[in-house]
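What follows is a pair of complexes built around chain A, which joins chain B in one and chain C in the other.
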Partner chain A sequence: MMSPSSQQRSRRRGGDFRLGLAFVIPVIIIMGGLVLFPLLSTMVDSVYRINPMRPGTPFAGLGNYIDLFQDPNVRQSWLNTIYYVVLAVILETVGGLAAALLLNKIKHGRRWLLAAVVLPWCLPPVVNAVVWLWIYNPSYGLLNHILQSVGLTSAPVVFFNNRYAALFLVTIVHVWRMMPLTAIILLASLQSIPQDLYQAAKLDGAGPIKSFRMITLPLIASGLAIALSQSTVFAFNLFDEAWILNGASLDTRTVIIQTYMYAFQNMKFSMGMALSLLAMLASLLISLLYVLKVYRETRFD
Partner chain B sequence: MKKYINILMATAALLSVGLASAAHADDAKPLAGQHLAVLLPPWGTLPKEMTDSFTAKTGIILDTQTLGWDDIHTKIVTSTVANTAPGDATEVDWSWVGQFGASKWYQPLDSLVSAEAVADVPTSKIFIYDGKLLAVPYNNDFRVLIYNKTQLSKAGINTPPTTPDELLKDAKAIKDAKIADYPIGLPLSATEGSSTAWYLLTKAFGGDLFDQDFKPLFTDPSSGGYKALAFEIRALKDGLIDPSMTGLKDVEVQELFKGGKISFDVAGWAGNLAVYADATKSQVSNDVAAALMPSTTGKPRTIGLPEAIGIPTAASNTKAAAAFINFWLEPETQIGSYKTLGNMPPRLSVLKQLNDQGSLKDGDVLLKQAAAVEPLFAQGTPGWYPEFSSAVAAAINQAAKGQLTVDQAVQQIADAAKTASQN
Partner chain C sequence: MSSRTMKLICSRIVIAGAVIVLLVWSLGPIYWSVVTSLTPPTDLISSNPHFWPQHLTLQHYGRLFGSTSMSQGNEVQSVWPQFSRALINSVITSVGATILTVVIAAFSAYAFVRLRFPGRDLLFILVVATLAIPAYTVMIPLYRIMIATRLVDTYLGVTLIYVSAFLPLALWLMRSVYQAMPLSLEEAAWLDGASKVYTLVRIVMPLAAPGLIAAAIITFLNAWGQFLVPLVFSPTLTTKPLTVLIPEFISRNYVDYGLINAAGIVAIIPPVLVVLFLNRFLVSGLMAGATK
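Right after this comes the complex of A and B.
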């Protein structure tokens, strides 16, 4: 037989459990309905043939995935995407860290400067891309004007006629838009570092580079992992910039553009689903690598 | 008292007449008060005075949504897959007929629209799938050679070119005379406009894309398609086409023509003549002229790429949508659409009427070219057309950038056609 006090504890635990459940249920419903269910449904549909132009939805097994690996356009779009991811992650991380360090040093007017830095991130991606489309325009674009003014080129250059230049220029637009987010994440991490650590390091004779390496970097590692993960995921999902700047051109086509073309242009939905799953898997795996590495390196126990 | 009785009787009489006429009006406008959701591109969106006249005539209230052409296709696909209608009446491009016909996403219109009016629209055949009319054309987009006659005459050329070789020769003369840096306007980007320009030139070189069994006819160097692509690349290499065309869509090429930057809009939309000749929209309004498409065979061939309005199967207001389509078929609507939006009337009788009135810019040329309009696919547009066309645009774009030779490009297109038609 339970004593009155243990009954009370048990009731309280039951009440806590119900309260916890009440808090969690909305999240479970939202995540389940908007993430988990669509994900499972996409996984199932990717092994069937879903094409409204053809009758029935027969089981295709891994046929859609095999077709994807045999499609040269898919291979090209993967190569382009890998290029975007590598370059964008490097540029966003280095640039974002530099911007965050600079902002962290500034004492007066930091919020105004922060607002200015954040601006490209606040703009809709389409607007950003259209602005850069004007900048890159061979006839009236600012970039050609500058290059000619400083004597680097004698005639207007059609930048997008060179595959690597086109890939680089699309990446720049993406970096321009996403770097502020990296900067904000890293700035938040920087501001959480206690200043007395730097003072102690200074007393021990550590210079700015050593302090950065021994104090700043390890202590912003978790923020860095988040920044790297988001950079990777967004670079994998690159669509607007490449689509607006160069349409469906194979030179700059990303995996997500290829997915869009499969699903919404060619109405081969199951192929689109299979490719989108592969893209998701790739970005998740790379993000997982960052997180695990940082987790290992920042454990102090 | 008698006076009051008379007044009462007169009031009653007036009321009864009023009520009767109101009832009659309701009979004449059975769809009055209904809302009709319409989804069309900018050039299909009628000006307010015309939609007001539709509302006055039918009592239907229009909710028009204007979207870019590409976006409309995406919206139709996403909405329909989600079991909702993208609109009660929407754009149906000729190139979507195979997809929407096979997927049964659009209602047959045979019993809903005026058969007599449809018979007056030759291009309506392009919208027949499996014997059923899926959509009714609202414009008559066939291609014609549009040129800047002032620039030609400055270069000492008095007649427009009649063959592709003459076109190159004239363009060279214009360039040499420093009248235009790049006289030929042809899109070479990875967009639909580049594909359609190549299809047109394939016909100009006396060729066709496929045989009856959809076997590619453009891989042989003596074929029209091969020569057409070689023509484009040669013109580009000779400096007659702006290198930046690799990034321009057809509508951007048209802007260059309007600004007097190019002398030839080779794949010109017939309806655009009205826009080019409008001084408020174009800087070359006094210089523009149309000519029959150059041809190697002496027969000025061209393709019809009309756009139409259809009713999605999931549409909730079919009758009002049919009324809207019938409104578009009326001669006054087609004339208004031509004058305000540059849509060439799809009804032959309206085209002739406009020409007789002298309202059709270079009407004789247009009527002659209209008589030579061919569908791109005599067998009907296949469902895999968008996939094929996208591969065509990508290959042209690569060839223009020097990444593929003409041989490789046509082979790549042929492979893409095979893959697209098999899956």
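Right after this comes the complex of A and C.
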């Protein structure tokens, strides 16, 4: 026989069970049906040949993956993506850290400066790309005017004729949008550092550079890892900016653009699925590396 | 002057300079777009641009909002029919996705924190792990599901895809909000005989309002800016949003930069309003989502 209180508790637990299930059922349906099931289906279908233009879906084994490695367009889009990731992560981290340090130092009007800094992140990436497309315009764009009036170039430059210039300019637009996120994450870490640590360091005779290296950097390491993996994943997923600024051009084509073209322009569904899986694995792997590295370095303090 | 005050003035100047650089970097392109959208077409192709427009005109906005105009002797049609349609589509899909996401996250995150049921932690980990899955990885099978269920180019289809993409982040955020709340409040309500649902809706949710607002803002901004998803799932003006319509103003031979910048400025009004009035919630939400 149960005591009244444990009976009550078990009834409450039963109620919890039903209520909890009722609350999470929409999550199970939506995430199961629209994310987990399609993900499994991507994995399975990437070893078949699925093409609406051709009959049947024969088993292809690793054939799709082998085709991917032999396609020079795929190789080029991987190289472009690696270029974007390296450059964007460096610029966003350096710029974001500088912005966060500045925001942390400012006492008056921080709210407004923060609003201005966050703004590019809030805008639709497509609009950003269109705005920058006009700035990069070869005949009437602002960038050419500035370069010429400063004396760096003598005649208007068609930036997108040069592959490296094109990659760089697409990266700038992406960095313009994503840097605020890095800045905010790092600002949150900076604000969690106790101020008396800096006073103690000052008493010990440490200069600003030394206290930055000995206090700030180690204490924002976990924030830095989050910021780095965010910027890596987003740079890997770059699509909008490159698509608007330079279309399907091979010079600036990313892995995602290649996936989109496989699936929705050439109707090679299974090739697109295989490539998108590889891209997902690559970005996950790199993020994991940051987290492990930071974990290992901060474990000892 | 003592070297100390010199040093102070120097550091002030360096900080002021850095603030100006940061402001120009962040706001300069937007300012330039506003100027462009207010400049007559003939001034746009002049050889030296003016940082302040010489002749203001509203003709680009006029073309967006309904009047025909003259350009080089030809009558130029207004794009209002397409533009208004896309504007409405953007509003419906992003507001719909925001409401659905926040309501689902508000209830289910509570279940993940306070209610015990089997498989709870596993389910939460599974859902949050999908944050690491980029949308395009599931897009091709999703396309086939949407074709099979006839949801391509419907508000329901696009909205559900948005919800599935933005729900994990909202859940993560709301869970950290609920976790930070003291259990004693709820226990007091339960002892008074209030049901769990009543306690959640009338006591917990009002206290969690800042978190709910942050989740709503982040979801709305993400949905409002989506491009790749509607590019695939909204092929016609039935559901095509602004983000897909605006790039269509770029044709192979000719780009009407005045028009396209004016359309861009209209499209950024909602995000700008959010930043002006709700930035506090947005920043705290981004910080909580990133650090916990």
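What we mean here is this: the second predicted complex is superposed on the first by the 264 of 301 C-alpha atoms of A that agree within 3 Å, B and C clash if a C-alpha of one lies under 4 Å from a C-alpha of the other, contacts with A are read in each partner's own complex, and residues count from 1 in each chain.
Here is the rule we use: a contact is a pair of C-beta atoms (placed from the backbone, for glycine too) under 8 Å apart; a residue touches a chain by one contact, two chains touch by 3 or more.
Keep in mind the model is a prediction, meaning the values are calculated, not measured.
S.K.: For the combined arrangement obtained by superposing on chain A, do chain B and chain C clash, or do they fit?
M.R.: clash
S.K.: With the two structures laid over each other on chain A, which partner does A:S249 touch: chain B (first), chain C (second), both, or neither?
M.R.: In the superposed model, A:S249 contacts chain B only, not chain C.
S.K.: Where does A:R54 make contact in the superposed view: on chain B (first), on chain C (second), on both, or on neither?
M.R.: In the superposition, A:R54 touches chain B alone.
S.K.: Quick check for you: in the superposed arrangement, does A:A200 touch first (chain B), second (chain C), both or neither?
M.R.: neither
S.K.: By the touch definition at the top of the document, which applies to A:T42: first (chain B), second (chain C), both, or neither?
M.R.: second
S.K.: Report the partner of chain A that touches more of its residues: chain B or chain C.
M.R.: The partner with more contacted residues on chain A is C.
S.K.: Contacts for A:A116 in the overlay, against chain B (first) and chain C (second): which applies, first, second, both or neither?
M.R.: Once the two structures are laid over each other on A, A:A116 reaches chain C alone.
S.K.: Considering only the touch criterion stated at the top, classify A:M261 as touching first (chain B), second (chain C), both, or neither.
M.R.: A:M261 sits against chain B, while chain C stays out of touch.
S.K.: Just checking: does A:L285 make contact with chain B only, chain C only, both, or neither of them? Give me first, second, both or neither.
M.R.: So A:L285 meets neither chain B nor chain C here.
S.K.: Which partner does A:P138 contact after superposing on A: first (chain B), second (chain C), both, neither?
M.R.: Once the two structures are laid over each other on A, A:P138 reaches chain B alone.
S.K.: Looking at A:R163 after the superposition, I want to know if it touches chain B, chain C, both of them or none. Which is it: first, second, both, neither?
M.R.: Touch status of A:R163: first partner only.
S.K.: Taking the stated contact definition, name every residue in chain A that is touched by chain B in one complex and by chain C in the other, in rising order.
M.R.: The answer is residues 137, 139, 263-264, 269 of chain A.
S.K.: For a test of understanding, state which residues of chain B touch chain A in their complex under the given definition.
M.R.: 73-74, 77-78, 80-81, 98-99, 102-103, 105, 189-191, 243-244, 246-247, 249, 383-384, 386-387, 390, 393-394, 397-398, 401-403, 419-420, 423
S.K.: Which residues, counting only chain C, touch chain A once they are in their complex?
M.R.: 15, 18-19, 22-23, 25-27, 29-30, 32-33, 36, 44-46, 48-49, 104, 107-108, 110-112, 115-118, 120, 123, 126-127, 130, 132-134, 136-145, 160-161, 163-164, 167-168, 171, 196-197, 221, 224-228, 232, 242-244, 246-247, 250, 255, 257, 260-261, 264, 267-268, 271-272, 274-276, 279-280, 282-283, 286-287, 290-291
S.K.: So in the complex, the part of chain A that touches chain C is made up of which residues?
M.R.: My answer: residues 13, 15-17, 19-21, 23-24, 26-28, 30-31, 33-39, 41-42, 45, 98-99, 102, 105-106, 111, 113-120, 122-128, 130-135, 137, 139-140, 142, 145, 176, 180-181, 184-185, 187-189, 192, 223, 226-227, 230, 233, 236-237, 239-240, 243-244, 256, 259-260, 263-264, 269, 272-273, 276-277, 279-280, 283-284, 287.
S.K.: Using the touch definition up top, name the residues of chain A that touch chain B in the complex.
M.R.: Residues 52-54, 67, 71, 73, 137-139, 156, 158, 160-163, 246-251, 261, 263-269 of chain A touch chain B in their complex.
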